[in-house]
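Read through the structures below before going on.
Two complexes are shown next, each including chain A; its partner changes from chain B in the first to chain C in the second.
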Partner chain A sequence: MVRPIASTLLFLTLLFAFWFNQALASEPRSTAGLGVVIERATGAVLIVDRSTHTVLDQVEGFGDLSHASVVFSDDGRYAFVFGRDGGLTKLDLLTGQIVGRVIQSGNAIGGAISDDGTLVAVANYEPGGVRIFDADTLEHVASFDTGAKTIGLVDVPGRRFAFTMWDSGETWLVDMNQPDPEPLIIAGMGENPYDALITGDGRTYIAGLFGEDGLSLLDLWEAEPTPRRILPGYGRGEEPLPVYKMPHLEGWALAGDRFALPAVGRHEVLWLDSRSFEEVGRTATHGQPVFAVARPGGRQVWVNFAHPLNDTIQVLDTATGDVIHSFQPGPAILHMEFAPRGNEVWVSVRDAGKVLIYDTETFALTGEIAAESPSGIFFTARAHRIGL
Partner chain B sequence: MVRPIASTLLFLTLLFAFWFNQALASEPRSTAGLGVVIERATGAVLIVDRSTHTVLDQVEGFGDLSHASVVFSDDGRYAFVFGRDGGLTKLDLLTGQIVGRVIQSGNAIGGAISDDGTLVAVANYEPGGVRIFDADTLEHVASFDTGAKTIGLVDVPGRRFAFTMWDSGETWLVDMNQPDPEPLIIAGMGENPYDALITGDGRTYIAGLFGEDGLSLLDLWEAEPTPRRILPGYGRGEEPLPVYKMPHLEGWALAGDRFALPAVGRHEVLWLDSRSFEEVGRTATHGQPVFAVARPGGRQVWVNFAHPLNDTIQVLDTATGDVIHSFQPGPAILHMEFAPRGNEVWVSVRDAGKVLIYDTETFALTGEIAAESPSGIFFTARAHRIGL
Partner chain C sequence: MSRTVAALCLILCAAGPLQAGETPLDTAALERLVLQDCGSCHGLTRKGGLGPDLRAEALSHWAPEDLAQMILDGLPGTAMPPWRALMTEREAAWIADYLLATE
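Moving on to the complex of A and B:
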């Protein structure tokens, strides 16, 4: 009778081990409460839980993440990570596994996902143009060979994408509802557009110009959008800057009736009227702003700064333009990401190896996550915003 | 040896049954892609998957859902369902189980969740006032006994709530960051406010008045907000209407630079300038509008109508105000909910027992869900919007 009892005990043990393993593995995740942090030095991605301020997984195998960006599937389950080396990697946030990866070009600059979540597009420096992939399978769906370095790729409502060519100064608008889409080509955006943004309502596309002063604006609600120059004094600044020092346009913040944007080569944030795009004020800041990001709702704008003043954040009151708070989270602040309704903000402090979390109302430090050279922070709530 | 073999086989059978059950149960759900549909006649709630256009669960036990509304936890996992009978029920969308329920008053009118997701507030007709609960446990946290029917309860950025009293015409603003919050009481909103809204940036609170013409507006960015009357011609209409026919203010749509709102007692949608709140145009419609809802991005406004013309939807172009599409989904259209980036819309057709899903670009029918007298449709993306 000894061996049957032993085998029964063995099965009981196995059963409980299995149950325990299942119980651990099935700790459910809520995709609407997740995000990712790019570890730029090691090419890894952290999956983070916004609610608990914790890291759920560290995932490797994304290639060169020195200039990475991320979009999310509509259900928040998958992150599409765009690397500098042309890699497009699909990460399952529920399991922490990479479920697809293609090297789609030699040198890429960012991507976008269509408003219906079915298409992922990537803009390329080398060989240029835009390539579009099925979001489920990462199979290649379409290519737009522009013959030029391509920047400022964004999603536009109606399963469309917009992007702009550095060399030719053209913006192309493609409607992926068409079976064999013919791009609408808009010439005359200006000399050497280096970056572009779309406003949160998907209506206004704005390109920054490296080769001339000012910016170029398109109203995408027009049937045939025509470029219009705005902010004639905004450009390379008094001393022409190298292109890598030009401000990211995604740093524009819509706050109340105004946009806040980093001045070029100056220690200032500019305020524009959101209808006329004319300057209505300036705020003197600690350093040269890199990002000016509105707390959701727009009541304040948070600003970080270029090297060597990049250990500081300033918070501006939108109504008055005043600096209402200054503090030093640590060396090399690279990125700030707000919780979707703005109650807290996560800050990448690269050279401290930390992501710090602050209450936006009291400015108290409420959490901290260890990360290897953290740069971009991206929350899944971006899946539900136009142009992010 | 027979009994030990039998017991071994029993354990093997149990093991596989357990494994199979776990495998079934662990089909993962992505909370960012979910929603709920209220079945008003039966007091049940459907959990729906936006991606697959399917019902995942039908859950019963919510009490009287004849006038129900829903808010979501920040991670999209839990729906808080507010019933007409004062019931507050917490539903786990991952498991389909009710995990908490309190009857917190005799007659309630709706609720809100704080921007940090920790507090759920409910506005009551009987006995009046607002009661606040811990979102995790549903334990009672605070009460504001206003001694009056309370309407227009919304979340305000900074862990605050605003609400308004029908009887006294006061709006109260409470800051739940304070340990023992003292309400800021704003008098003089007007006679018998019947509903209120807050704009998507959390700045402007607008109350509709039953007892007089016009609306009352507060700028919550002011330190001491003061009521301002707008739209003096907007009110009970040429023929005074019963209160239950006054338009829901949540039906206001911010579209481009304008708000679209249902006219009172007329077959018209009004257009207001979003800065001045002055009327800038009108569109003649099929019937008396109930909801005017902007497609996310604001390019179009979708409108449904009051009985007996409630089988029709019209789509208005925001730029021109023109009606660009009219169609008849079926009898008794009660609600429309857009996908977060607006590529599709879900429509409750109560008397057809269906929720119909349309592509907003082509107007094609792309999906259909059977539901018992469906009314409100709520997607989890609301968790990440201010004032919803």
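Moving on to the complex of A and C:
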């Protein structure tokens, strides 16, 4: 009778000791305040803590991270990093370990995760098309060979994806609820679409065009969406300037009742009415915009610029379209990422080897972290947004 | 003897990269430009992206002068912009040689 009690006590003591050790070794942590910073030249990723402005870990082994992008698992624990070299890498933000990696093509451009968090899709230049993987295991699930450079891949509500071809101007819609999905092919998006976005409500897909002045819009609530041209001929016949860096439409967001978007080959931000998609104004800017990103809530739009004018950020007031603040954080500003409620913005300054953090109300510098050629910055709040 | 030295100097000076009155190229800045800014479209490893493969082997059939010309004037009808406003002909020639010589 005594012996079972003693052994039970011993077992409980050991269990407690084990638990206590574990608790000491790692405080429980949430990922909601975390994010990642791409170190472009060295193929590494920093795991950062947004609230303390600190680097928690530096993880290597991601391959060629030029033009890298990131999506997050639905629980915010894992980052899926898409590399230029076709690498798809799954990073555990809590342990700092790479838990899966596949080289899924020779040359990739970006990715997306399905609304239910089960599928990760990657858009490829070479061979062109989209490949879809199981988010848990990174096992291959489906392939869509488009035979063309594929851009503008986004998640669409209803376990769907949309993507567009640079060469052919087609947009494909795939419904992954089907056992053997047949893409719905929408032709006539326009000449050389370079990037696309889906609005935060998941309804409108808009492709920017490099080969002509204008953008193309699809209403995804329609059973068979047909392209509608918006801002046709916005350059008004002027010769466009050489484009040293393609603008990005991702992050392009509703700002009040207007959208702001970067013009291609022009020193302008264009404003669109969010219902009619008619032009309602333009803002002359410092250079050719790369990102024109709305601060969450839409009160301001922050703009960075293409080489060689890429040392400057301008902040536009949404209500008036005026430039209300202009400053020079440093050489080669590549990306801006807002805290989910917009109080701060993180800015990667590639050639200064820094990420700088600013208060969006006062524009004061509030923090700085060192990073090797930083480019994209991605916070886990993206896990719960359509199209990010 | 001294004539040989003088002749040698003449040859070396003529063949050297630095002509009289020219400032030296900032090759570190040019190398960074190739890596980072050409890399935007052609990839950091130059394997290609929106723009084609720029690795030495893929370019081996090009003459350096033609490459330099393409850099300066761009390729109309494609996304390759003219870089003439941002660099000198010497710098474009250096980049062309660099692309052909560097893996």
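Heads up, the rule we're going with is that the second predicted complex is superposed on the first by the 348 of 388 C-alpha atoms of A that agree within 3 Å, B and C clash if a C-alpha of one lies under 4 Å from a C-alpha of the other, contacts with A are read in each partner's own complex, and residues count from 1 in each chain.
Here is the rule we use: contacts are C-beta pairs under 8 Å (C-beta built on N, C-alpha and C of every residue); 3 or more make two chains touch, one makes a residue touch a chain.
Note that this is a predicted model, so its numbers are computed, not measured.
Student: Using the touch definition from the top, say if A:Ser276 reaches chain B (first), chain C (second), both or neither.
Tutor: A:Ser276 contacts neither chain B nor chain C.
Student: Contact-wise, after the overlay, does A:Trp166 reach chain B, chain C, both or neither (first, second, both, neither)?
Tutor: It touches chain C, and chain B stays clear.
Student: Of chain B and chain C, which one contacts the greater number of residues in chain A?
Tutor: B
Student: Is A:Gly202 touching the first partner chain B, the second partner chain C, both, or neither of them?
Tutor: In the superposed model, A:Gly202 contacts chain B only, not chain C.
Student: Thinking of the overlay built on chain A, is A:Ile109 touched by chain B (first), by chain C (second), by both, or by neither?
Tutor: So A:Ile109 only meets chain C here.
Student: Which partner chains sit in contact with A:Ala319 here, chain B, chain C, both or neither? Use first/second/both/neither.
Tutor: first
Student: Would you tell me the residues on chain A in contact with chain B in one complex that are also in contact with chain C in the other?
Tutor: Shared contact residues on chain A: none.
Student: Quick check on the complex: what are the chain B residues that touch chain A?
Tutor: 1, 3-5, 7-8, 11-12, 14-15, 18-19, 22, 25-26, 28, 30-33, 50-51, 72, 74-77, 94, 115-117, 155, 157-159, 177, 201-203, 221, 256-257, 275, 295-299, 318-319, 339-344, 361-362, 380-381, 383-386
Student: Name, in rising order, each residue of chain C that touches chain A in their complex.
Tutor: Spelled out, the residues of chain C in touch with chain A are 32, 35-37, 39-41, 43-45, 47-50, 74, 79, 81-83, 85-86.
Student: Which residues of chain A touch chain C in their complex?
Tutor: Touching chain C from chain A are residues 40-41, 64-67, 84-85, 106-107, 109, 125-126, 149, 166, 192, 194, 210, 242-246, 307-308, 332, 350-351, 373.
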